[in-house]
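Naming follows writing order (A, B and C), and every chain is counted from residue 1.
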């Protein structure tokens, strides 16, 4: 009898939720409106435009024209620079992070490294290009000192800052810290007990790395490398300041195109942009997948 | 000769002496517990046996061989960690097989042994699961199987049940003991839970602040604690203040009531303040006959714990906790009731000095 | 393990060299303006340059506007999602990660196409309008970092329980938002704010293609034409970045975000 009364006291369920739901949705409308207008729409229309010609008809011509020599070369160089700086940055960043976390170094080094990495990973663009010019350029400090003290000419080794390897080296300045910042939490996740457990079960250090640590770390490592790749691919300011248009990477090509319609074909520009998004998008999706996978293991 | 012999083991971290003069001889097949509060050094000693810490001085011998300087991966010792420490990238079978794999045993041998181990821990069907798919209790059993797969000489367990739910703790406790008995493997079990230590061990080593307080069977350390620390740490204990009345006759005063203590008053002077200890199960809520001690008091608190009813009786300044069994026919007494408690003279433990205020 | 220690130190030392030498070199270079001696002439020239002051001011103001708009956009959204619209979380997070995928140059390309003089929202038709467009672009660029900083802060304080506690004590939602939520995510907001400032100050692509007198294009201009001033500017830019990062650390946990100005 008591139960029956309680059930009858409550109003039918259908009435209330609809009202409450609409107020909640109102709270996020500004966000969705903003991102729609200033993030999704511009990008989306560009992507659609890549498949249109000047009159608005559907075509695959733009995509086909991506493979013409200038543009394809630009992509090639961009990908090469990004791969080089991503792989090197990932490896060196990993070693640095490992040295600080597991290398038996004083405690205070870790927060210091984190702070410096935070600063260095944001120090990019024009100032970074200047900094490297001032260091390894023709009148740079290191170049001059090498000549002065060791009578060693940097130029004689064939090294030129305004080149592929010069740009890669410069990119590493923010790639390595980025890697350090991303990998540190992953390395933290390597529990001390695993090392001890493997050791007490008879494994050597190398066996531990081969069977436990590296398998656990490689999704994070690969994912971070991908992030570095996407990061490098989308960069422009540093390259523009350093190598200008002598090293024709995709971002600079697109920049010139937007600036002065160098390609004489706006839709081709859209295709360029599309190509960029596909590459960076794929990298990021792969990164997220890898991260989710490693998080599942380490729950 | 003892199977595991630890002699004059010491460990100093910087300025702190964490383990002081630890001596222990363990027979083959014995189950020993290290019992003590956090920071007492029990885990440090365990880790020195495993080889993760180097002793500052002293020696550890296993089956006659001095292992003090051997690295952990050469000692053939099995270890189960508090946080399970299962390798997340390997299946259960992979984890259990790990020790054999790194020893380059043939595949057939590994497979057979893994199957044997999984049967031992009663999880034969979970070989292909990953650690994150298992419950805490299951993970710990796999950790046990992994440690035993390499047929170690000694099994070390570092508070393996602390991270588990109460019910699982109890069942796993029994399982570990059964497995250990069946295999006859010498085992050292570190815990801060005295119920675990008492129920599982052949002998218990009670530690405090880096020192051994007492080594003995569970019966011995519970009923004949040698120091105040052991008395208060192992089991619950009533500690009461008393004033010595007549040392010759053995009478003492608790809150102006006189009782007799049958031992422990040697060298005491009249008027001295002392502490006495009483186990709850020694106290009875009846007026007993003969030469049992009797004390008059008021019932202050009644806690119905199911099978046990815990009653606190207050005298004036002091109070005593006693346990009686639940009896469906006789409901527990009411608070505020006047009552008499009794206990045998022999059950009264006189401790040195007065209880600190 | 001893052997491992040596290699760790080697790695750290090499890292330190790679990090500090360019800075030292740049600083030294910036002191070379007066022939034959070291002086702060380059800095004097830079600081007294009208365009430096104007562009730095412009970018700073824009950065502040970006921060305000960003906070007003992100905080209520993060709060609502955490509290009542949990199911939307993956979608919102995905959107906030998009600016990391879409390069700035693509974004500005899209802006120029949509919001030019002949569109339904002709933002680029006027200077003020373009400023606003630039600011919205910056809000988009800093969205991932701002959202993550605020979201981390919100999650750390268990918003749901706090709100329920406040409600049970009789508070209405404005009071809850301003008296309970905002103070607790303040450090997250500040972290996001400093990061945004660092991003906006050094940003080049958007400002250049939208043709606004910001600091980034100014740096580029000086770099192309002058010899010693760029080095001084690089040091100044580094100092600003350092200050921002330092303030973030000071403000507390927050998200350790990174935002390559590229």
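Here are a few things to note about the model shown:
The definition used in the following text is that contacts are C-beta pairs under 8 Å (C-beta built on N, C-alpha and C of every residue); 3 or more make two chains touch, one makes a residue touch a chain.
Bear in mind the structure is a predicted one, so any value in this text is a computation, not a measurement.
Which two chains touch most often is answered by the contact tally, and the pair is A-C. Comparing chain C-alpha centroids with the centroid of the full set of protein C-alpha atoms picks out A as the closest.
Computed centre separation for the pair chain B/chain C is 57 angstrom, with centres defined by C-alpha atoms. Separation between the centroids of chain A and chain B, computed from CA atoms only, is 54 Å. With centres taken as mean Cα positions, chain C sits 16 Å from chain A. Of all residues in chain A, none touches two or more other chains. In chain B, there is no position where the chain touches two or more neighbouring chains simultaneously. Chain A meets chain B in the complex at residues 191, 193-194, 196-204, 207, 211-212, 215-216, 296-299. Taken in their complex, chain B has these residues touching chain A: 50-52, 71-79, 81, 83, 85, 87-90, 98-99, 101-103, 130, 132, 146-147, 150.
For chain C in complex with chain A, the touching residues are 1, 4-5, 7-9, 11-12, 15, 18-19, 21-26, 28-30, 73-74, 76-77, 79-81, 84-85, 88, 92, 95, 97-114, 136-137, 139-140, 143, 195, 198-199, 202-205, 209, 216, 219-220, 223, 230-231, 233-234, 237-238, 241-242, 244-246, 248-249, 256, 258-262. Chain A meets chain C in the complex at residues 24-25, 27-28, 30-31, 34-35, 37-43, 45-46, 49, 95-96, 99-100, 103-105, 109, 113-116, 118-135, 139-142, 172-174, 176-178, 181, 230-231, 233-238, 240-241, 251, 254-255, 258-259, 269-270, 273, 276-277, 280-281, 284, 288.
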